[in-house]
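Labels A, B, C, D, E, F, G and H are assigned to the chains in the order they are written; within every chain, residues are numbered from 1.
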Amino acid sequence: MEIVVNGEPRTVAGGATLLELLQTWALDPRAVVVEHNRRIVRRPSLGDVHVEPGDTIELVQFVGGG
Amino acid sequence: MEIVVNGEPRTVAGGATLLELLQTWALDPRAVVVEHNRRIVRRPSLGDVHVEPGDTIELVQFVGGG
Amino acid sequence: MEIVVNGEPRTVAGGATLLELLQTWALDPRAVVVEHNRRIVRRPSLGDVHVEPGDTIELVQFVGGG
Amino acid sequence: MEIVVNGEPRTVAGGATLLELLQTWALDPRAVVVEHNRRIVRRPSLGDVHVEPGDTIELVQFVGGG
Amino acid sequence: MDTPFAVGGRTFRSRLMIGTGKYRDNETMVRAIEATGADVVTVAVRRVDLDRTADGSILKHLDPKRFFLLANTAGCYTADEAVRYARLAREAGFNDFVKLEVIGDQETLLPDVAGLLEAARTLVTEGFKVLAYTNEDLITALRLEEAGCAAVMPLASPIGSGLGLLNPMSVRTIKRRLQVPVIVDAGVGTASDACVTMEQGVDGILMNTAVAAARDPVQMGHAMRLAVEAGRFAYLAGRMPKREVAVPSSPTEGMLD
Amino acid sequence: MDTPFAVGGRTFRSRLMIGTGKYRDNETMVRAIEATGADVVTVAVRRVDLDRTADGSILKHLDPKRFFLLANTAGCYTADEAVRYARLAREAGFNDFVKLEVIGDQETLLPDVAGLLEAARTLVTEGFKVLAYTNEDLITALRLEEAGCAAVMPLASPIGSGLGLLNPMSVRTIKRRLQVPVIVDAGVGTASDACVTMEQGVDGILMNTAVAAARDPVQMGHAMRLAVEAGRFAYLAGRMPKREVAVPSSPTEGMLD
Amino acid sequence: MDTPFAVGGRTFRSRLMIGTGKYRDNETMVRAIEATGADVVTVAVRRVDLDRTADGSILKHLDPKRFFLLANTAGCYTADEAVRYARLAREAGFNDFVKLEVIGDQETLLPDVAGLLEAARTLVTEGFKVLAYTNEDLITALRLEEAGCAAVMPLASPIGSGLGLLNPMSVRTIKRRLQVPVIVDAGVGTASDACVTMEQGVDGILMNTAVAAARDPVQMGHAMRLAVEAGRFAYLAGRMPKREVAVPSSPTEGMLD
Amino acid sequence: MDTPFAVGGRTFRSRLMIGTGKYRDNETMVRAIEATGADVVTVAVRRVDLDRTADGSILKHLDPKRFFLLANTAGCYTADEAVRYARLAREAGFNDFVKLEVIGDQETLLPDVAGLLEAARTLVTEGFKVLAYTNEDLITALRLEEAGCAAVMPLASPIGSGLGLLNPMSVRTIKRRLQVPVIVDAGVGTASDACVTMEQGVDGILMNTAVAAARDPVQMGHAMRLAVEAGRFAYLAGRMPKREVAVPSSPTEGMLD
């Protein structure tokens, strides 16, 4: 199904959880913060939230900055 | 009757108009701006507004300032 | 004969006076100061001083400066 | 006899050497430099130089300074 | 030689505006203001003294036909207060200009930018020509322009301090980024402060204490007039580049042997 | 309003002296100098070009009846050389004034104070009125005065640098300690530099590049005229004291409730 | 010798906080930060690059057990945006501190004080420890303190400009009037800028470009560490008074005849 | 990390040299000097007090094995006088270094450059290592180097004034043009003055009053030690360029929608 991740359309397996998506992209859940349809999803809940078609996901991390 | 002018209590003739008050105090209406109970009274109306007991009047003018 | 004027060798008529040289070069004596063999020659004397072979002459004027 | 030490007249024993004078004033020769009649006297010679009446002696040391 | 100096639809002869406070006497004030060549003078709105001990109206000393009276809201600490003073000032009937001050702190007399913006928006909607006294902040200056102010008046340094132009870059940036006139208000202490301020390209300067508190206010008024013109013309003329190495002014050729 | 500006027994109208070098063309030079209001202009002494390619005498453009020609010894690196140029300059027959320069270094054009003092002593004994270009050193300035110089000319910053007055305290101290006129020479870059320099109390300023190398030399010349007067009058008027706390310009009494 | 440096209930060893942006490589960044002795480093919140071309998380290079990670909201132009970034940052799970930036203009990166105050109030109610990047305005600084900010961070000069402390008096006044720590953020260009900033009495400094963009960031990091301590100790030691006249350091008595 | 600091063939650990005058007591002096980390301390030559009222030799307090004693000729107003003091100082038997001062004026304590050069030439021929206290004049500095001085010591501002580095460009130019060490002497008032002075690239600093007259001389001594190192390392590290526009420290990519 189609979702939007970090501003770009992506095709992912239907019904996947956020945790599964992170694993798909080989992202360490402890190093990433997930915003799902504008709502932050805390780490413990990442496995409980299933993605729907058209969902918007933002994955952010700490980078160098002043 | 008792009114408050520029923050100080004053006794004036009952039923006097603002214009009459200015004359009492020998103030030139063209050099003074009158605020009556927090409402500005324009010059042409000074003769029409009668003062009631307890009214608050502010009389201001231009002074030196930066 | 050979003389040096403003640092450059020049051939001039033998026995000429400084005044005659200035006239040769169309220079107004009042606008120029003449140094002859390191000695300043005042204007009234320009006609009296004869140039010898090998003499060194400097002709200077006022130019723009700060 | 009378001599001048550091600008002030002083009476000292006739024929004394500079070294003896320093001892009189309880000054450590290693901490003082002696100028005798405007000539510096090096430490080894302090015992050889005899003071004459009217001599001028300067005794200096290092003090705090910038 | 220069573009006209227009604010809120009015054109003024002089780019120097003068305050009327703190002179040792009224005669000195009048002569000093004349020496500055200013046509805009600022005035404050205060209570009439019914007991006639205080000095009374400034109009006894300054002819409103000759000088443009720019009323200020000095001493106001809230937007409401400033709006009230502005309305009273306009009622005096000379013009609808106001030099808007909303002070945030008694010690520094620095503006409260939130109150300033609120009062500016209200007064603009009521048809006032608002000249807003503000700090060196570009963002606040941009907001004041968006609010419809007729001019933005950043300070050079605190009111009455005489410390001169503390932050030339900020003032230069404000001038570069705004469309409305930028008039530096407060902090100028002497002629060179006025001159260097105008060299930043601003449209004008408003000062009071620098003239009023000089040993000779009339002579200082004259000095300020010249300094503002000097700075303006220098800005228009375009200064020479700065160099860390020396460059001779006289020819290096034609030297004697 | 001000004492006359006298140097070496001559009184001049303007406290601003102008150099005649480095203008893009002679017409611009003349118009710019007129705009400065200067009556003293400096000139250099150089060889006549017998082949007439160079521009020739400055006298074609500046009327010696109208301007006081102050010859300099620019480009001289020894006392002897400077003395030689000064004598040639005097022979031109206009006056016995000389702006004495003995340069110590080509990169900075800073004066060689030893050579400067030597040349000054020689020229003073020969009856010259010596205006000595020097650095900011008080001691050298005092020695030049003792040597009989008619004026001492400390620099604001290096010749042609336009860096302005780098060391106001030194210049102020020199002025305070000397009896002869102190005329700041070199380094002024724009009007505010001239204004702040005059505010130190010095008697005058000599500049060249700031006017000649401005985008519009004529307008800058006018700006400099005003700036020098502004700084002078501000100095005479006596500036307000500086304060780190703000002081209101408008009355704090008579506010509304 | 000095009081501990505490912000928002946390005590830090170093008064120098360092940004982690703009280093030529991560190894240089780590070595430079170690040289500064900082225990607080700022980080930005940005999207993960799913295609792994970009550099990835800073946590690969900086041990969160060793450094206190202070997340910023750099790049946010509204209060809502800044609040959103702050919440995401806190979710990373290190601490509830945020260096709040609400930018008002892309060219100057100056703060939008209205948006800043709005975001600060929101975040404080959500339990954040807010360190607010602001301008030199005392009034805004007071409002930020009233809003419950853990620290107020006035700029020395614009972000990345390296122009140093443009307005020492404003920063000094802010420090004098506030109770919460004042940490100067942005504009420091070299060691002396850091030193003179600390001499104003502020509690700390945050810098990034001055170290990252130095020719040798590691050596500059060391210089900054020393400069911040030097300025702090000089402030605590109390400097000598300034005098316009000289005073000898050596005795004037005991000279020879 | 840095080249050794060598003067007249001797290498010193610290680039900070300290004067020993004007401390409130000897114990404070010793502790403050220890805090500076200096290995060179300056001393004056004065008459012994035969009546033992005065404090006596500095050697009671400073171990000559631990500190390098640099005698000065402070208080001398002629070349002859300075030469006499230098010879007496050398006779004390510690070293043949002398900090040469020939003062030209009691109010400003500025050097008399003519007397200074004369004394320098004499002392160099007698085998002294001459460290010459001079003004900011490049030409005099060059002459002192030609005369064989071991180091040239331009002032930052007048002795004991605490006004800091008034003329950075002059000091920078002197350093650039000379081969011998340039050590700034006099005028430093606080740590940032020392830091910015070292950032000009000079080899060292000599100070006295800034430490001795601080409220807490020991703490200020420590601050100065750090400031001199900070300025030195910042100079070696190479500062970031200054920019009039802001440049973000955090990435502009990777922002959220």
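Following the convention adopted for this analysis, contacts are C-beta pairs under 8 Å (C-beta built on N, C-alpha and C of every residue); 3 or more make two chains touch, one makes a residue touch a chain.
Treat the numbers as computed from the prediction; the structure is a model and nothing was measured.
Novice: Going by the stated contact rule, which chains contact chain B and chain F alike?
Specialist: Of all the chains present, those in contact with both chain B and chain F are E.
Novice: Weigh C-F against F-H on C-beta contact pairs and write down the one with more.
Specialist: Higher C-beta contact count between the two pairs: C-F.
Novice: Most remote chain relative to chain G, going by C-alpha centroids?
Specialist: The chain lying farthest from chain G is C.
Novice: Rounded to the nearest whole Å, what is the centre-to-centre distance of chain B and chain C, using the mean of the C-alpha atoms as each centre?
Specialist: From the centre of chain B to the centre of chain C is 94 Å.
Novice: Between chain A and chain C, what is the separation of their C-alpha centroids in Å?
Specialist: Chain centroid spacing, chain A to chain C, equals 95 Å.
Novice: On a C-alpha centroid basis, what's the spacing between chain A and chain H, in Å?
Specialist: The answer is 63 Å.
Novice: Please set out, as single numbers or ranges, the residues of chain A touching at least two other chains.
Specialist: Correct list: 7, 35, 58, 60, 63-66.
Novice: Two or more other chains touching the same residue: where does that happen in chain G?
Specialist: 19, 21-22, 44, 46-47, 72, 74, 107-108, 110, 159-160, 163, 169, 208-209, 244, 248-251, 254, 256 - these are the residues of chain G that touch more than one other chain.
Novice: Quick one: in the complex, what on chain F touches chain E?
Specialist: Those residues of chain F that touch chain E are 1, 19, 21-22, 44, 46-47, 49, 54, 72, 74-75, 81, 84-85, 107-110, 158-163, 189-192, 194-196, 199, 208-210, 212-220, 222-227, 229-234, 236-256.
Novice: In the complex formed with chain B, which residues of chain F make contact?
Specialist: 248-251, 254, 256-257
Novice: In their shared complex, at which residues does chain A touch chain G?
Specialist: Checking each residue of chain A against chain G gives 5-7, 10, 25, 27, 30-33, 35, 40, 42-43, 58-66.
Novice: Can you check the complex and tell me which residues of chain H touch chain D?
Specialist: Those residues of chain H that touch chain D are 19-23, 29, 42-48, 50, 55-59, 69, 71-72, 74, 87-89, 91-93, 159-160, 186, 206, 208-209.
Novice: Can you list the residues on chain F that touch chain H in the complex?
Specialist: Contacts found on chain F: 104-105, 107-108, 110-114, 117, 135-140, 142-143, 157, 163, 166-167, 169-170, 173, 177.
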